[in-house]
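Right after this note come the structures.
After this come two complexes, each holding chain A, first together with chain B and then together with chain C.
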Partner chain A sequence: MDWSRILVNVAGEIFAPTTAAYALAAIGLNVHFGLTGLLNMGQAGFMLLGAYGFAISTIAGWPLWAAVLVAIACAAVFGLLLGIPTLKLRGDYLAIVTIAAAEIVRLVGRSTALTELTGASSGLRGNSYKDTFQDASPFPDGTVALGPFEYAMNASNSWWVRIVGWAVVALACLLIWLLIRSPWGRVLKGIREDEDAVRSLGKNVYSYKMQALVLGGVIGAVAGIIYVLPRAVQPDSMGRPMTFFVWTILLLGGAATVFGPVLGSIIFWVSLMLIKSVMRVGVPESIMRTEQIEQFGWIVVGVTLMLLVIFRPQGILGDKKELAIDVR
Partner chain B sequence: MSADLPRGHVPPPVPHATTTTGRDRVTADLAHVAHTPGVPKPDAIVVADQVTRHFGGMTAVDVGHLEVQRGAITALIGPNGAGKTTLFNLLTGFDKPSTGTWSFEGRSLSGVSAARVARSGMVRTFQLTKALSRMTVIENMRLGATKQSGENLFTALVPPLWKAREKEITEQAEELLVRFKLDAKRDDYAGSLSGGQRKLLEMARALMSKPTMVMLDEPMAGVNPALTQSLLGHIQALREEGTTVLFVEHDMHMVRHISDWVVVMAEGRIVAEGPPEDVMADQAVIDAYLGAHHDTDLGDDALLDDGSIEQLEAEEQANQAAAAAAASPTTEEGSR
Partner chain C sequence: MRRAATRDRSTAGALAALGVLLLSLLLLLADPGTARAASAGCVADAATGCINGTIRTADQQPAVGVVLDVDGPGGASSATTDADGRWTVAVTAAGEYTVTLDVATLPAGETLRDPAGNPRTVTVALGSSTGALFPLGDPPAGGSGGSDDATEPEPGSTAPAADGEVGAPAGSSDSGSFSWGRLAQQASSGLVFGVLLALASVGLSLIYGTTGLSNFAHGEQVTLGAIVAYLGVQSLGLPLLVAGVLAVLVGAASGWLQDAGIWHPLRRRRVGTTQQMIVTIGLSMALQYTYQFFFGGGALRIVTTTPTMVTLGPVRISATSLWSLLIAAVVLAGVAYFLLGTRVGRATRAVSDNPALAAASGITVDRIVRLVWVLGAALAALGGVLMGLYLNATSWNMGGALLLLMFAAVTLGGLGQAFGALAGSIVIGLVVEMSNLVIPSDMRYAGALLILILVLLLRPQGILGRAERIG
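Let's look at the complex of A and B:
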């Protein structure tokens, strides 16, 4: 493998559909954690539910818009169900409940009882639900090369997924930018700081936390759709590790910022690809085999997350001054 | 003193009240009220009945009847563990009572959520200050305002729908910040303020909603003497504007200095009520404090030179009013 090929691969990650999907999921988590202070440890659950909702309803013959609405509705209902018992309790309880609930979604999805619907552990093949999305493309089929990057226009891992994925990310950023500067966002920040104080000022804290949980979850569900469009719905690839990657991305970019999640996602996937490709070329087979290099990449991610939380808790775009304040 | 006496009874005008300051008005109103626990007030804003709160086998609050006079500064005092803060939490919806009912401006507030209590006009502060640290001072203030259409998720997305209200509340906030001498800190994070400044900010923030009644939980705790004076001034200014103030405080100088009426709690019950100077001489109060505070002078205001002459005059007027009331046939005991 030559170096220019590696460079193209790495640069391709900057606008890959997966990067967009993770950026979007982190934007959703930012509404939970960055704005409201909710510890959602089950963002992958929202994503998986969105993916299932979209894929299953498409397979059932529903049009594209209806399938997207189904995904959104699934996440909204899931958020409500999680929120009703936990949002009146302290933050830690939500963390426990969400991580468990995300696992429930995954385990139910891969259980053989639902094979007809979800395809159990082998999941749903991409080609069974991609048609409506690909048909919606206004571009002609075929392969298009833009500089060194060459992808299919509409099929699977295509330019079309990239265009739609990043357009949705841009829309989500605009949404967060508007909300973060609005009185609504102010109430959420107040809740993040001290919910009793906000309650004493006459705001219905429970309702605001519910709105944040559902909104962030819905954004996560849309991220789930984008994530599965270039591949298949695989319940086991959307488990706890996915949640932790989303957290790493959010903390890397900077919580409570508008572009933090996007920047975090790009840096996360680019560096992961860089580490893996360089090591594949540079490390001889006798020292580390290809599968081991894959694992090593993830170890680096874990160490990065630890170092980040210790040395730069505000992330790349976060406001140092804001975090320097002792919250106790 | 029974709880079913008619309320809303306005006492006859007192001839010697020549000015119309809040203090004179309140002093005149309260002059006819007996100094017994649970006594009805001529114009009660808060009326509580049989409010109890048990924590396991312990009874934290057991209040038979309590009325708070509108427009007055009422102090709630008592030794540690008397149930003052618990009663505060119950009245403001931050805790649920075991039994009891209470009303605010004639509307029942029992079982109403804290947020709705605040929206009905009764706003509180906390013993441990709750400044929202990672928000700026001005954002803290804006959060206190009510009727913000931009606090709805969907209107929030269309700035023209809430910009006008935002401008209005920003102006209101800036005025309040000037009054509380926090205008220089406008864009600083609240977490960077000193303890006393946070107390001021919390009080100013509570005033953003233009409340009819302010509940202050130990407003002076941890505040340095220089700021104490200005806080006292702000509380008195509230009374002049017609806002009712109920506060919990351990600082007897402050209680004596600014309160019109003092309610004393001990072991969850109200043991005494009356104007500050009377209450502090009350045997029940001395008993309640006996032990840790036996040798403490409950009301030495030698340190509060400014205003002490005014206060002596006010006391004299109160005494005269009380004497006049006792001489007239309609005393507070037989008020219809």
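Let's look at the complex of A and C:
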């Protein structure tokens, strides 16, 4: 592997579908944490539910729009169920419950009892649910090269997934921008800063938190769909680590900002790819095996998260005054 | 305060009674030395059938440490492949069994040639051996899996591997689909599991009580204990007992280092607890992958011999588990005495009640917190060693998988209440093992987590908590 190829690979991460999916998931988490101050540690659960909802209903023969609606509905119901017991409690209870609920989704999904529905731990194959999405593409099939980037137009890891994924990200950013400026968004920020003050103004804090939880979760579910479109639905690849990556991305870019999650996702995946590809070339096999390089990448992510939270909790774009951490 | 004290005393009484009970149980038992002398394998006779197989990697090397779960009319049990890649399970009832290979325990880079063949159903007859084969290697052309899905380097495909099951306890199989015997069997497994879980959760609860920190990296302290014991036994050739003591010492040292290096400076910088909680998440991630970096993704068996089984009335239990139970009970009783009977212990509870008031009455809060970190990490390490023995194997993510059960136990008992954590752990242990009776065994952790959510819905302060503690 030569350097120009590494560079192309790394640059490809800037607009890869995975980057878009994580950016979208972080935008959802931003509604929870950045705007409302909710510690949702189960974003991967929303994503996995969205992925399952989409894939299973497509396999059952439903059209594309219906499958997306099913995914959204799954996440909304999940958010409601989670919110009822926890939104009245202290923040760290919400963290523990959401992380547990996401694990329940994963454990049930990978259980052999549901093999016919979810494919158990081997998951659902990509080809079984991609057709409706690929057929919706207005572009002709074949491979298209744009500069050094060459992908299939419609199949699997395609331009079509990229176009749709980033269009959704752009829409979500617009939505967040409008929400932050709206009266509704101001109430959310008020809840983040001082719940009791907002309550004393006669606002139903519980209901606002619930709306934020469901909205962020639904955005997470759509992110889940985009995440699984170029691959397969694998419950074990959408577990706790995924939630933590989303958190790292959000805190890296900056919580409570519009473009923070997008910038965070791009930086996260580009630097991860850069570290891994450079190490694959630069570090001999005798010092570090290939899979160890992979793990080294994740260790770097963990340490980055620690350092970020300690030294720059507002992230790259964030404003320290608008910090959602530790309001209670 | 007075009521709290009486309640604590009664809990301690219950603890002591439990200890005495366990001790008398143990006196009835055979020599524990046989635990290591047993032979592996399964001999089919009139009352026993065997399921076995050999797993080889794509280049025909034995695949070591692959975990297989077997479930059927004779109950659920599990097996791990040995140095030759062989595995075997003895069953006591004929019928159809489901054999599930835990793909997360396959050696790095290996996949099943036919993922659709996992889980696999085999028919077992008593008095004979039945094979269940799981060929590894690339799927045949045009086959299943990721041939078309993996066109881009999968982020996270190797990293977030399964952290569901590490292995199933030895000897959790007996008799028919439902019987009082099986109920007793599962209840006893649950009790053992719960007491071992308590070792880890008491530390988690103490740390929460004194610092207000939900430590998401506590699971990694558990893994640390198990891995040090594994290294001690398998690499240094130490006797298990010495390796266990070494693991506890390393655990205690890591607790001291962690508080001195990370948490004390953060408290001094006035970094809030929520922020610290996210730091623990980063730490947990970094530590988990560090373990995987050095020890790989497979199962690590601390002791490779098959445990001796002891029959107590309707219950079959391994001698190792009984010893673990005894050690855990003695240690927990010691912790209870420390908290209730010593000055430092009383100071610890005072800090846990109200740090500012404790500081004002002359208690050095920082020193108490340091002590709690050392104690909590040492208990977690001990829990890790015993849990690694109980589950037959440890792995890089064992603690991570147990973390949520610990949180469930701690929440159930009331956040920050040390004795609540003990009671909560036993309940969670029983739920995890006894839910096998009604739901599939691979969902048993999910049942425990559901309880966590229900507790928060119905009694958020936990069994022993006070309502004022929730905000």
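FYI, the second predicted complex is superposed on the first by the 319 of 328 C-alpha atoms of A that agree within 3 Å, B and C clash if a C-alpha of one lies under 4 Å from a C-alpha of the other, contacts with A are read in each partner's own complex, and residues count from 1 in each chain.
The rule we apply is simple: contacts are C-beta pairs under 8 Å (C-beta built on N, C-alpha and C of every residue); 3 or more make two chains touch, one makes a residue touch a chain.
Please read these numbers as outputs of a predicted model, since none were measured by experiment.
By the document's definition of touching, neither partner reaches A:Val281: not chain B, not chain C.
Of the two partner chains, neither chain B nor chain C is touched by A:Ala170. When both complexes are overlaid on chain A, the residue A:Ala60 reaches neither chain B nor chain C. In the superposition on chain A, contact of A:Leu107 is made with chain C only, not with chain B. Using the contact criterion defined above for the overlaid structures, shared-chain residue A:Pro183 touches chain B, although it does not reach chain C.
When the two complexes are overlaid, the chain among chain B and chain C that reaches more residues of chain A is C.
Contacts of chain A with chain B, set against its contacts with chain C after fitting on chain A, overlap at residues 325-326. Note for the complex: chain A touches chain C at residues 16-18, 39, 41, 84-86, 89-93, 95-97, 99-101, 103-104, 106-108, 110-113, 115, 120-122, 125-127, 155-157, 230-232, 234, 236-242, 244-245, 247-248, 251, 269, 272-273, 291-292, 294-299, 301-310, 313, 325-326, 328. Of all residues in chain B, those touching chain A in their complex are 92, 94, 113-116, 118-119, 123-126, 130-135, 139, 142-144, 146, 148, 150-153, 156-157, 159, 162, 166, 189, 191-192, 202, 205-206, 208-209. Put simply, chain A touches chain B in their complex at residues 175, 178-179, 182-187, 189-190, 192-194, 196-205, 211, 215, 321-323, 325-327. Those residues of chain C whose C-beta lies close enough to touch chain A in the complex are 98, 100, 102-104, 108-109, 112, 115-116, 118-119, 144-146, 148-164, 214, 266, 269, 271-275, 277-279, 281-290, 292-293, 400, 404, 407-408, 411, 439-440, 442-443, 445-446, 449-450, 452-453, 456-457, 460, 470-471.
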